[in-house]
Amino acid sequence: MIIVMKIGADESQVQETIDKIKDLGFGTHVSKGENRTIIGVIGDVSSIDESDVERLRATPYIEKIVRVTKPYKLVSRDFNKQDTVIDVDGIEIGGKKIVVMAGPCTVESKEQIINIAKEVKSSGATFLRGGAFKPRTAPKDFQGLGEEGLKFLLEAKEQTGLPIVTEVMDTRDVELVSEYADVLQVGTRNMQNYSLLKELGKCDKPVLLKRGMWATLKEFLSAAEYILAGGNKNVILCERGIRTFSDFTRNTLDLSIVPVLKSESHLPVIVDPSHGTGRKDIVKPMALAAIACGADGVTVEAHTDPQKAISDADQTISTSDLHGLMGEAKYISRVFGREI
Amino acid sequence: MIIVMKIGADESQVQETIDKIKDLGFGTHVSKGENRTIIGVIGDVSSIDESDVERLRATPYIEKIVRVTKPYKLVSRDFNKQDTVIDVDGIEIGGKKIVVMAGPCTVESKEQIINIAKEVKSSGATFLRGGAFKPRTAPKDFQGLGEEGLKFLLEAKEQTGLPIVTEVMDTRDVELVSEYADVLQVGTRNMQNYSLLKELGKCDKPVLLKRGMWATLKEFLSAAEYILAGGNKNVILCERGIRTFSDFTRNTLDLSIVPVLKSESHLPVIVDPSHGTGRKDIVKPMALAAIACGADGVTVEAHTDPQKAISDADQTISTSDLHGLMGEAKYISRVFGREI
Amino acid sequence: MIIVMKIGADESQVQETIDKIKDLGFGTHVSKGENRTIIGVIGDVSSIDESDVERLRATPYIEKIVRVTKPYKLVSRDFNKQDTVIDVDGIEIGGKKIVVMAGPCTVESKEQIINIAKEVKSSGATFLRGGAFKPRTAPKDFQGLGEEGLKFLLEAKEQTGLPIVTEVMDTRDVELVSEYADVLQVGTRNMQNYSLLKELGKCDKPVLLKRGMWATLKEFLSAAEYILAGGNKNVILCERGIRTFSDFTRNTLDLSIVPVLKSESHLPVIVDPSHGTGRKDIVKPMALAAIACGADGVTVEAHTDPQKAISDADQTISTSDLHGLMGEAKYISRVFGREI
Amino acid sequence: MIIVMKIGADESQVQETIDKIKDLGFGTHVSKGENRTIIGVIGDVSSIDESDVERLRATPYIEKIVRVTKPYKLVSRDFNKQDTVIDVDGIEIGGKKIVVMAGPCTVESKEQIINIAKEVKSSGATFLRGGAFKPRTAPKDFQGLGEEGLKFLLEAKEQTGLPIVTEVMDTRDVELVSEYADVLQVGTRNMQNYSLLKELGKCDKPVLLKRGMWATLKEFLSAAEYILAGGNKNVILCERGIRTFSDFTRNTLDLSIVPVLKSESHLPVIVDPSHGTGRKDIVKPMALAAIACGADGVTVEAHTDPQKAISDADQTISTSDLHGLMGEAKYISRVFGREI
């Protein structure tokens, strides 16, 4: 950590700053330039509390504080050089295989989810996704089947063998959803719902953490850090589009984060081109692009009859298009020495 | 609602669309142009489910669906022409008086909050704000005093008479926080935490709803709609800055939303220039600008010794600066026939 | 075009609107709903002037005007179903081959550009890029070699056979740059410099139009429309990143625009992962992703010794890395039945 | 300037860095921490070329370079403590008086501009604004009257005494526009049209520089630096809204930049609430807010009959509303010891 004093800061102010640093338990190294003084902080500053930094930064004679240390630790590649590979019912996420999660936005009925699951299975995709608890923008919109939806998902799993990915929205539901799901999903709107993240840290199921549509890289990894800090090491990071001015897509899919996450963190990274674009006509090319830039998998909304989907019909591809996507994804994966 | 068919859509497709609309219980009015056909939907389309619209939009021969109806109803000015005025311990929010909420980011100790509360009181501000449950970006940062902090807030209230505004983050804490606080705050990160919004809809305390830093006007008002739909009519809308590329402030304070919210909704609107800018040097001018464009009040972070604040030291003004702010705010308020 | 009247608009206001439409030379079709009246405009509204629409929209009793017609025509796929293939010295842009443009940000010296050109050539890339006129954020930064730089580029072309892509910034320089360059580049900052676009419309060289970092899809295609409207049909569209809050990259590379541009327009589309990310460590994966989602080529900054590059050293890959990129790009291209 | 070495950088790499700094003519001060070494650069680093910094930053064993020095100098408050006050025909911009520029988006006819000018004059506003050369998104839209429009503006000036503000878009037109206009406007799209900025640096008329809708504070001030570096000290900075996801306004008016520009720079600052919001219903409150947060003036689009305006009818207020705005602006100005 480096403290840059304001031009004109005097001796006593420099000394005062040095004393504050000492009080925090660190050493200093002072460097006087022509115009200003710079104080290097010596010691393991990763342990310093953000509050202490904010207070220093607010000191009138301090211009700027530069932190090289990252606000997250457990999730970082520096902490764990080895890729985290998560085993779900024998399927590895973050390993050699590219995983594909597919299914409807919403579980609508037992028949619907079982039919879709069968198609997902036959396409070669490896996880069934589908929402039982749904975050909807307006209160009058359909809020999901709740526990009944979870039961239908479980039946679909029994018939196809596909493990289940489904969202949990409320701290009070974590236990319930854990009983049915293989992977618990945190939606984009809840990425900084810290109560929920803490609850998931105590849980023994892998968590699929979607990037908040407003989240910087640091905030995204810090949210994952909450879960790891609670004791749950199995987190899958998911890029799903951010909020920008660009209006030809529902969100702007920020694929550049894929190779950056892979180098900053040891956690697996997947991409959601359905929510990331909101347009079923470009789900396939963006899924392929995700694999081409290093993603460990994709999650896509697919339905046997998208036009009858209860939600997200705009961005849901047909299960027959899913078969097409899987075919091309296989070829792309091989270019990178991976398989599907 | 208007349905624009694709160029080349044929008779049978037009008929199919008309049938779908009829199935939903609405009438139609068909208009054939040179290139394309347009179908007007007749009836009270405000009751239509968003899922039905999404499904229609996903139909291959439909180009576009135009909805004039808004996704929110109870919060809208159309529904309630009269300004909502919320009475908290005899202080009106949304009435003639401009309200000022002030206090530290975090409740640090009994002494701290009582000292600050006394200064807030003497400045003429009308509410004491302060966090007991804190949303922090990193898990290792101080997470607040919890219930102990609530008790200190209550003691500060007893000594000064200032009603308390404090954040609630978890559905499981709503009851607890309600016992101590006069106004429950929903932070920006939880604006679309629907479980929390539903819980607050059942609660009898006013809710201060902060705009999500990613939220459009529609999403903001729809989040408020969740609370009203649950039965709680007392919601205060708060602009607190949005995420943009602009980096000289922590967020971009979107003041234009103030007059637009006042015309779209009957709910009171306040502004948070502390989080909205992240810079204590411009909190005062932006607070005055907020009043000048029609806000019903402001909420600012203030501390007797900002450099010792446990969080947000960057953006917290001193209580002595708060006195200065109140002075100028009084003059501005009078220009608009309001008082402080 | 559809005109939605406000709730409560009366007969005379509807009639007034119908009269205005007639004055503009169009027919109308009126549809009365329970709450409001909707007027469909009949005729070829693509010819309507935006000013007339704006005036209508400003009418107090009109709620909203919906235009289905796009503001661009010549660049659209509707106007020209066939892909535009641009031939530059026998190399086709927009055809079966994926084009790769490579070279330094800035032409620094004769030796530098010739050495780089030889490496670019041997890597298998097909165009040499390099700036002689440089847009620099600060006036004190190096502004390029000007005409001397163009001469060096020409010499590099003579020695390698690589056609030249270089930027033009001033209407007064279009003629000069045309004498040397094979493709004229419009930088992101000039995407809406309409004087320059008009001048390029009169020119006989292909134009590489970079998306403004603030530009919507409509604005991007409308900028291209200026060039086509002037008579120059040879425009290459280039995605190079947009301005968003996301700060781990210099810009946010918006790859989703690639398949959308390919379906909206007949013009070739390339991607610039160097400016699009500002990070040389992720140029390769993002270049591969660009090809995977359908781009007709990429343009990358490459230098024999990036650490000595006079500008953009952060995002410039070494020519040896360029060789690596070309190798993988070849495999990806084949998956899509293309070659490099 | 501070250079942070990567963890693990060895002695020889530190020495190499020190040597590079010496070659650039600066001294160094080395500080070794537990994990990494930090090198302070001693001397007047404001003269260092950005290219040299970029090259250093690209060095593999360097983690980060921190520059405290700003990329602009002449425009900064550090360089010139005194407010720049620009005298135009006896009217001061940046002085005690709040200036109001008003007029139509486009000069449509002699009669139109003269009628509007008279109303602008009688409202108490001090400048007449109006476009003769118009930047339009689509080539088919009306591009302005050109020199004829300038002549009409001059006639309006002769009849009312109001100095003229009008846009220049092409380096080739600077001389022509200078003959007619009192203040030359650079539109948002041309903020980084460096050829134009350089040409204006050589001109003797004040320049009204609009912020690019994508521009950071640094980029905005650096664009102004181009004009000052050319010799023209009379630049007025104008906030006019930035591109964000927020869609209830045409742009997001970033008022927080007003107090920050006033503290960072000595140049006058005005605000354009017409383009900044795109909504005539909120032009007045946002103009008042601009004055409340410290702007030296505002520029608004006003028309005797906005519904007949040839462009920007959506955001143009009537001249009768302009009278109302002036009245309230007077009261607000007085609160801050200014006049109108």
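Going by the order they are written in, the chains are A, B, C and D; count residues from 1 in each one.
One rule holds for everything that comes next: a residue touches a chain if its C-beta (ideal position, glycine included) is under 8 Å from a C-beta of that chain, and two chains touch if they have at least 3 such contacts.
Bear in mind the structure is a predicted one, so any value in this text is a computation, not a measurement.
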Chain-touch separation of chain B and chain D, in steps, is 1
Using mean Cα positions as chain centres, tell me which chain lies farthest from chain C.
-> B
When B-C and A-B are ranked by contacting C-beta pairs, first comes A-B
Distance between the CA centroids of chain A and chain B (whole Å) is 26
Computed distance of Cα centres, chain C from chain B, in Å | 39
Could you list the positions in chain D whose residues touch two or more of the other chains?
-> 214, 243-245, 247
Would you mind writing out the residues of chain C in touch with chain A in their complex?
-> 214, 216-217, 242, 244-249, 252-260, 263, 276-277, 279, 281-282, 285-286, 288-294, 328, 331-332, 335
Can you check the complex and tell me which residues of chain A touch chain D?
-> 2, 4, 29, 31-36, 38, 40-44, 63-64, 66, 68, 243-245, 247
Residues of chain A touching chain B in their complex?
-> 49-51, 54-55, 57-59, 71-72, 135-143, 169-173, 189-195, 198, 212-214, 218-219, 222, 225-226, 229-230, 243, 280, 306-314, 316
